[in-house]
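Shared between the two complexes below is subunit A, which pairs with subunit B and subunit C, respectively.
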Partner chain A sequence: MNDKQEMYYKVRDFICKVTRKQELKDDDDIFEGGIINSLFAMQLVLFLEKQFNIRINGTELKRDNFKNINTIVKFLEEKQSKL
Partner chain B sequence: MSDYNQNQYQRYVSEFLESNITPYANKFEKEGSFDREIIYKISEAGFLGANIPEDYGGSNLDMLQIGIIHEQFARVSSSIRSILTSSGMVALAILRWGNEKQRRKWLPRLASGECVGAFALAEQEAGSDAGNIQMEAVREKNHYILNGQKKWVTMGQIADLYLVFAKCNGNYTAFLVEKNKCVLVEKQDGLLGLRASMIANLSFENCKVSDGNILGVEGAGLEYVASSCLDYGRYTVAWACLGISQACVDICVNYVKKRRQFGAALIEHQLIQQMITRMIVSTNAVRLYCNNVARLRENGEAESIVETWSAKYLSSKAANEIASNAIQILGAEGCCDKHPIERYFREAKIFEIIEGTSQLHEIIIAGSYS
Partner chain C sequence: MKTERNKMDKVDIKKEQKIKCVVWDLDQTIWHGILSEDENVMVNNLAKATIIELDNRGILQSIASKNNAVEAMKKLKQLDLDKYFIYPQINWGPKYKSIENISKLINIGLDTIAFIDDQEFELDEVKFNFPEVMDINSKDLANLLMKEEFIPRFYTKDSQRRREMYQSDIKRKQDEEKFSGSQYDFLKTLNMEVEIFPAEIEDLNRVEELTMRTSQLNSTGYIYTYEELCNFINNINYKLLIVNLRDCYGDYGRIGIVLIELRKHEWYIKLFLLSCRVMTRGIGGIVLNYIKELSQKSGVKLYAEFRETEKNRMMFTTLMFNGFSKAEGLNDNYLVCDNLSTEAVPSYISLKCVE
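Take a look at the complex of A and B:
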């Protein structure tokens, strides 16, 4: 498994675990359908920061960055490429 | 932090309070305010900048030390304690989501007490339902125009910097608003408790705010900025409730040994033993929970969010029951302001409401497990 795949599975596992939706598709909008609420938004931030050793700043809190599993993985890849 | 260091720090906070707050706490409650001098003293002791890094003039304390501060302050004055939560929430928002310019500008002033911060989210129709805020922000070139009202703003009467939440093109957004003529401040009197927490209702009339005063981005106001502030607030309230519970236990244990009825000390009566036992065990359980949450928060664990909700729920419920039992044990003595018990009783009820009602906690906590 390469780094990107590992990243993908960690993100997917976490989101499925906190939302209790195993059937979640990679492009399902996790904010739109009431799948995720404000409680989980902060949980997601803390999880991503700790798991991937990054710091998410205020200007990165755009909905598009955290819209679905695909965009989160893309955001992480970009973030890590800048480290 | 080791047990020794924890005890040392607790003693440090407690001695500070004994010298600087305890003698005046009742006066502040009766007058509904306290002097700016007190704020500077709290700052000098390192409490106001507790969650601010040293680079920005703060004392950069760990989560357990912050908990200890709130526990000890609540024993003496929950009103004075509330400035630590209020300014602390604003500081946290700036530190967490602000840019470097905002951090350099505001954090040293919040840590020193030169600037008092206040969190302005609630409105007439938006309490637990924060998503129903009506306050509006309209963008015009390089600034925003804010219009609307905020309610129940702790330290709102004396704040120099308000963290205000408004809808901007339908997106919830957080703004830093400096005290100025377009923010009308109305004092809120007649409170059940925390009477010196200088609560105000605010009106914003065509309030011009630079776009450099947004925290984060448009749309990040509730889910990230307000959520992280309230999470910090809940953590501090959980510890404050622990302070109330522990103080009730301490007072009652002392009282039941001395007070005699029917020819025996109260502690020899089995029904009193039952009440004291429940108070002690419940307080110890809350302490364990709060300590665990401190550890989770210190480690930046995602589960700290739900566990902080749980700690505040458990602690505020326990404080209500314990303060009520404490009054029952002290009898008529507990019903007058000779003992702080009657104040604890009033404040415990408020703690079951602020930073989310117990009912909202039940929705959130149950929802996170189902």
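Take a look at the complex of A and C:
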């Protein structure tokens, strides 16, 4: 499994576990209908920071980056390529 | 943009340490005698009266007793006292462990807990492990209600119902854990009713209480005095809004506040806070949505003041995920909302707003 795949599965596992949605599709809005669960949003940010050893700064913290599994993985890739 | 704050904005109120939860022993404290030796133990009437009055004052109560849990709860029910206690810890482990559990379960500091027992060694053991816990010998029960630590700064409707609110929270959490569907599917079962309305004089004590109790979902951490809050209500340049939440388990009461400074072309959210009890309910977005709607109607640009503290990154995330952002040239303590278009409130939440 390459790095990208591993990243994908880690993100997916975390989100499915917290939202308790096993059948979540990669482009399903994880904040269903834009209802932001503050705790989940914070948990997601903290998880990504810890798991991938990054610091997500104020300008990156927007919903477009965290809408679905695809956008999160894309965001992580871009973030890591800048390291 | 004004960068300096008025003197009025912030006043340091030294938080007097008040007791939020009283943890009771049972044998020789709530009743005379020892239950395992005599199943007909008689209630200690002074203890009973104290329990009822503490409950009335909005102080939570729990139990740390070495006893058989089933028998002890049965006895409390017989004495009509069982309903007053949340998270009772009746087991054979050390009592400081029980007190630690209670503090975690209720999510309050050990320094806001008082422990009542008739046995010196139990009091000493707790004192040794947690010196911050206030210890009280059962024989000193008579003057407990007169002590400063047990007299709330004020009585609000919400503080009087605090125990019931915790009890419905416990039920809610249990059901949520048992629920087999997704997080969002659970929300759909709750029949949430959100109300947003301008604060009135009788809300102000609760507003003050919330500003002091809320740290995670708090955009600036400003604490305002009762008098300052009164001024906001009467000043047409400010809007002070209250958020109330109710669901099928009961009333959460007033769980949020928004203070907005209204200028001619710009609105500034000076304070936005939500009780941490509702942080999984998506209320933040609904409230911000409503404010966006109002500012769009008034044709103004919307800003939110944000002051980072050690604990409020969750509020930052909430604001950012709901369309606020940092902007170049904008003071570091402010976020701007560039897009005032709003999203429809989901069908499973009823929203009532009073302008």
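Here, the second predicted complex is superposed on the first by the 78 of 83 C-alpha atoms of A that agree within 3 Å, B and C clash if a C-alpha of one lies under 4 Å from a C-alpha of the other, contacts with A are read in each partner's own complex, and residues count from 1 in each chain.
The definition used in the following text is that a contact is a pair of C-beta atoms (placed from the backbone, for glycine too) under 8 Å apart; a residue touches a chain by one contact, two chains touch by 3 or more.
It should be emphasised that the depicted structure is a prediction, and the values quoted were computed from it without experimental measurement.
In the overlay built on the shared chain, the residue A:21 is in contact with subunit C alone; subunit B does not reach it. Of the two partner chains, both subunit B and subunit C are touched by A:39. When the shared chain is aligned, no partner comes close enough to touch A:54: not subunit B, not subunit C. When the two complexes are superposed on chain A, the residues of subunit A that touch both subunit B and subunit C are 18, 20, 31, 38-39, 41-42, 45, 58-59, 61-63.
Contacts from subunit C toward subunit A in the complex involve residues 181-184, 187, 217, 274, 279-282, 284-286, 313-318, 320-323, 325-326, 343-344, 346. Interface residues of subunit B, counted against subunit A in their complex, comprise 96-99, 215-217, 219-220, 222-228, 231, 299-306, 309, 364, 367-368, 370.
Chain contact summary for the complex, subunit A toward subunit B: residues 14, 18, 20, 31, 38-39, 41-47, 49-50, 57-59, 61-63.
Residues 18-21, 31-42, 45, 58-59, 61-63, 66 of subunit A touch subunit C in their complex.
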